[in-house]
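What follows is a set of structures for review.
Here come two complexes built around chain A, the first alongside chain B, the second alongside chain C.
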Partner chain A sequence: MKLNLMYSFLNTDLQLIEKELEQAIQSDKQLLQEASLHLLQAGGKRIRPIFVLLAAKFGDYNVNKIKHVAVALELIHMASLVHDDVIDDAELRRGKPTIKAKWDNKIAMYTGDYIFARAIELMTKIEHPDAHRILSNTLVELTKGEIEQIKDKFDFDQDLRTYLRRIKRKTAILIAASCQLGSIASGASKEVSHSLYLFGYYVGMSFQITDDILDFTATEEQLGKPAGSDLLQGNITLPVLYAMKDTNFKDKVLNVNENTHRDELQELIQYIKQSESIDRSIALSDHYLNKAFKELEKLPNNVAKRTLNNIAKFIGKRKY
Partner chain B sequence: MKLNLMYSFLNTDLQLIEKELEQAIQSDKQLLQEASLHLLQAGGKRIRPIFVLLAAKFGDYNVNKIKHVAVALELIHMASLVHDDVIDDAELRRGKPTIKAKWDNKIAMYTGDYIFARAIELMTKIEHPDAHRILSNTLVELTKGEIEQIKDKFDFDQDLRTYLRRIKRKTAILIAASCQLGSIASGASKEVSHSLYLFGYYVGMSFQITDDILDFTATEEQLGKPAGSDLLQGNITLPVLYAMKDTNFKDKVLNVNENTHRDELQELIQYIKQSESIDRSIALSDHYLNKAFKELEKLPNNVAKRTLNNIAKFIGKRKY
Partner chain C sequence: MVLVEDVQIHISNLKEKIQEKIQHNYLFHHIPYPIIDEDKILILHSLLEPLSLTKEKKEQYILSTMLAQIALDTHEEVHSHNDMDEKQFKAQQLTVLAGDFFSGLYFQLLANAEDIPMIRTLAHSIKEINEYKITLYQNGISKMDDLLDCIRNIESSLIQGVSDYVDEAIWSDLSGNILLLKRLVNERELFIQKKPSLLVDNIKKLIELDKSYKEEIINIFDEYIAKLWKMIHSVLAGIPHTNFLKERLASFVNELPFSTNLYAEEG
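Let's turn to the complex of A and B:
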């Protein structure tokens, strides 16, 4: 089953959110408008808005209220991608030039700041002190995660704990917050919100681990950027951490830097693909997914629960 | 009268705010902590917290509540300075190396993001929907101002209106918001908050114009960076706009870029200093100050009003 067929009952609401996203980044500054629109039109799975809407189905669902949360969370995700691409010197995202590549680092920095400010502005339409506290704590963790990503770059001595903490901050927390804020803003109970938070957290961990696996196993066409980009940018991900148990591989990978030749990188990718590290990574991803499924069981039965279950299954099996 | 003697009755509260600022930027990430502390310890006039506290005196003053607003606004100011220094390729601020100079642009970007996120987090301690809306609108304007600053760099054809709109967004709005949020958070009336907003806006305009004058008239020692830095970074300020009425000067200034030789820059600075452009700039600064004084007259008499009056007078006469 295709991802977008799982939540076709949300289509009208998701179209509304797409429109609101476009409106949110409108600016009288042509440069800002162009750069933000470029990013928006590059697409993305809109997984955070989808989680917000589904989580809101556990409370008093009102799309005209919940849309602000959905749009704000997607904007925060977008803003963090723009700043990430500066850190990673990334040229391509989803097959299109990044803002830093099409314009420059400075424009990227301020486009990120602008989108971020717009997100905060939208969230003020939600009058729920808890929601604001959760969102702002999430933002602090997110920035810490990004600083960790800078600090840990090309650090081949980091351990599994460092990796897991980093992807928690970088990815899982924002997905967890999407589920939590969707339910809180629609007045769901504390127990339901907490289970949805945990569900989002576990799914987010699995999602990022899968992303990190696909960076090696998917094709350039599927990725929208060359395979092995993470490694070339110095981001040491789970498959690399596992593969480094082999000292031969470790000796070779230690020499990787931004200028490593394509052939040399290909050799490392091949090693990772034929080693056990991909299977071990999938196992850890599955471990988090199982935890996610267990959290879901605690929730009342409804179409949103079934959909969250299907999306989680999809995330565990996705090929790109 | 020295600036800090004007508000000595706030000393205990300002010391508290200084402590809270240090606490706010504490992080388990050593790099973030060092970079943020470096910025904090480089000093600054803390004019935004001072305005927050004084404005709060028009309502039900409670330092343990209002401190969050004061700290949040100073943090937002700090975060915007860090990102500004990236845009301006600035090496020095207040006589100390900037974060981008001591570390690099990427660290500066994320240190700014982190301080910014911390500010938003602190503001959630204020349960006042209006305050959040005002702050977030301010942030959107602030980022627009910063994008304008990039776009307008080395654009010698910009007019006075472009300059005024830019300094409004870059400086005046945040000072206006400091006055407004201080009074709103302490429950002052709408009329009082509005007058304080306008007071802050006018003072902010005068403050930035004075800053732009001092960039030419003050010494390197007073500025903590070389004179003429704005011009060298391509920021076309009021004295330059006025001086360009002389076509001889305009012909010369058109050639300025980041690599312009010190002697050539000195010659331009000398021209500006001996021309009428400084006096005309002072006149426009005074024009805004007079408007600020007029707004103050509408406010009830108290020690805060007298202090705001004195600070505004000081800003009109300050030499650095």
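Let's turn to the complex of A and C:
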């Protein structure tokens, strides 16, 4: 089943979110308007709004209230992508020129800050102090995760714990917060909100591990970038950590640095693909996914629960 | 009676608290420590001090506004292109993230204080400031007064937001004028030292240049500085307990060659 068919019952609400997103970034400054729209039209899976809406189904679902959370979270995600493209010096995103490539870093920084502020401003329509506490903590942790990623680059001494903490901060907590905030804004019980938070967290961990596996196993066409890009950039991901148990591999990978050419990595990528490190990484991803399913079991039965279950399965099986 | 020394100590304490908040054990090994603008702390203190808010609330407003300001100032340090060596590029990456981190901190501070209206106020100001920054960066302004308004808003929208929120309209204009004055004094100096200045680039575009444009630009700066100085002093004269602020203002303009005239006009 295709991902978008799983939540087709949300289509009307997702269309509303799309309109609200467009409205949220309206500016009478032409360039800002153009840059923000450029980003919006590049699309995306809108996975965070989907999690917000589904989680809200466990409370008193009112799309006119929930939409503020859904839009704010997607805007935060968009703003962080604009800044990430400056950090990564990225020319393309989803096949389109990035804001920093089409204009420059300064315009990207101003646009990102503008969208980010707009997101927070929108979020204040939710008068629930916990929601702001959760979101602000998430944002601080998210940035700490990104700083750690830079700190840990080419650090081959890092262990599994460091990797897991990094992907928690980098990916899992924003998905977890999407689920938790959706349920809080709809007035769901604390127990339900907590289970949804944990569900989002486990799914997020599994999602990022799968992403890190696919960086080695998927094709350049599927990834939109050459395989092994993470390693080339110095990001030590789970398959590399597992593969380093082999001292032969470890000796070779220790030579990878900022000046390593893509071609020199081919042997290492082949080794990772053929070694058991991929299977071990899949096993850890599945472990998190199973924990996510267990959290779901605690929730009342409804269409949102079934959909979250299907989305989690999809994330576990995705090939790119 | 409020002693200048007491205000000075209070400002230093607030600065220390900001430093504690932005503390990070990795960032500042690679990027410069942010400049914490004590004049902005002083303006916030001066506008909030007479109000019947709790001490904690006043402190929250000052700290959160300054964190938002530091976030904006940090992002201002990001270069327009990435043509740089590895070390500089790493610093550039961390500068982007540091700004995001400081921005998260203002939100976190107010969220923990459960002050949703102030979160809204600061977020709205940040949004506006970035709109003005883009306009300035594009050299897209056609009148001198609009250009100065743009600078005024970039410098003071956060503090103006706070003063509007606490219903201190007098401080809204006053803070805008003080911070514009300070910026003009700094930009005048940059221009004399032949350093790059977005404001001067915009001014050059606005006036018809001839061989004596250097003198003309200095004249423009001096004319506006004198005008602002007069306006600020007439307003400050009606606000008690602002001696320290007046002293600080005097220090901005003391180095200017025409500063004696400013004091003379003031009488």
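As a working rule, the second predicted complex is superposed on the first by the 317 of 320 C-alpha atoms of A that agree within 3 Å, B and C clash if a C-alpha of one lies under 4 Å from a C-alpha of the other, contacts with A are read in each partner's own complex, and residues count from 1 in each chain.
The definition used in the following text is that contacts are C-beta pairs under 8 Å (C-beta built on N, C-alpha and C of every residue); 3 or more make two chains touch, one makes a residue touch a chain.
In this text the structure is predicted, and so the values were computed from the model without any measurement.
After superposition onto chain A, the partners chain B and chain C occupy overlapping space and clash.
Of the two partner chains placed by superposition, A:V303 touches none, neither chain B nor chain C. Within the superposed three-chain model, A:E258 lies in touch with chain C and out of touch with chain B [touch as defined at top]. Look at A:L32: by the touch rule set out above, it reaches both chain B and chain C.
In the superposed pair of complexes, A:A283 makes contact with neither chain B nor chain C.
Contact with neither chain B nor chain C is seen for A:L160 once the two complexes are overlaid on the shared chain. Residue overlap on chain A between its contacts with chain B in one complex and with chain C in the other: 27-29, 31-32, 83, 86-87, 105-107, 109-111, 113-114, 116-118, 120-121, 123-124, 127, 129, 132-133, 136-137, 139-140, 142-144, 146-147, 150-151. The touching residues of chain C, counted against chain A in their complex, run 24, 26-27, 71-72, 75, 78-82, 86, 89-90, 92-94, 96-101, 103-105, 107-108, 110-112, 114, 116-117, 119-120, 123-124, 126-127, 130-131, 133-135, 137-138. Interface of chain B with chain A (complex): residues 27-29, 31-32, 83, 86-87, 105-107, 109-114, 116-118, 120-121, 123-124, 127, 129, 132-133, 136-137, 139-140, 142-144, 146-148, 150-151. Touching chain C in their complex are the following residues of chain A: 27-29, 31-32, 80, 83, 86-87, 89, 104-107, 109-111, 113-114, 116-118, 120-121, 123-124, 127, 129, 132-133, 135-137, 139-140, 142-144, 146-147, 150-151, 258.
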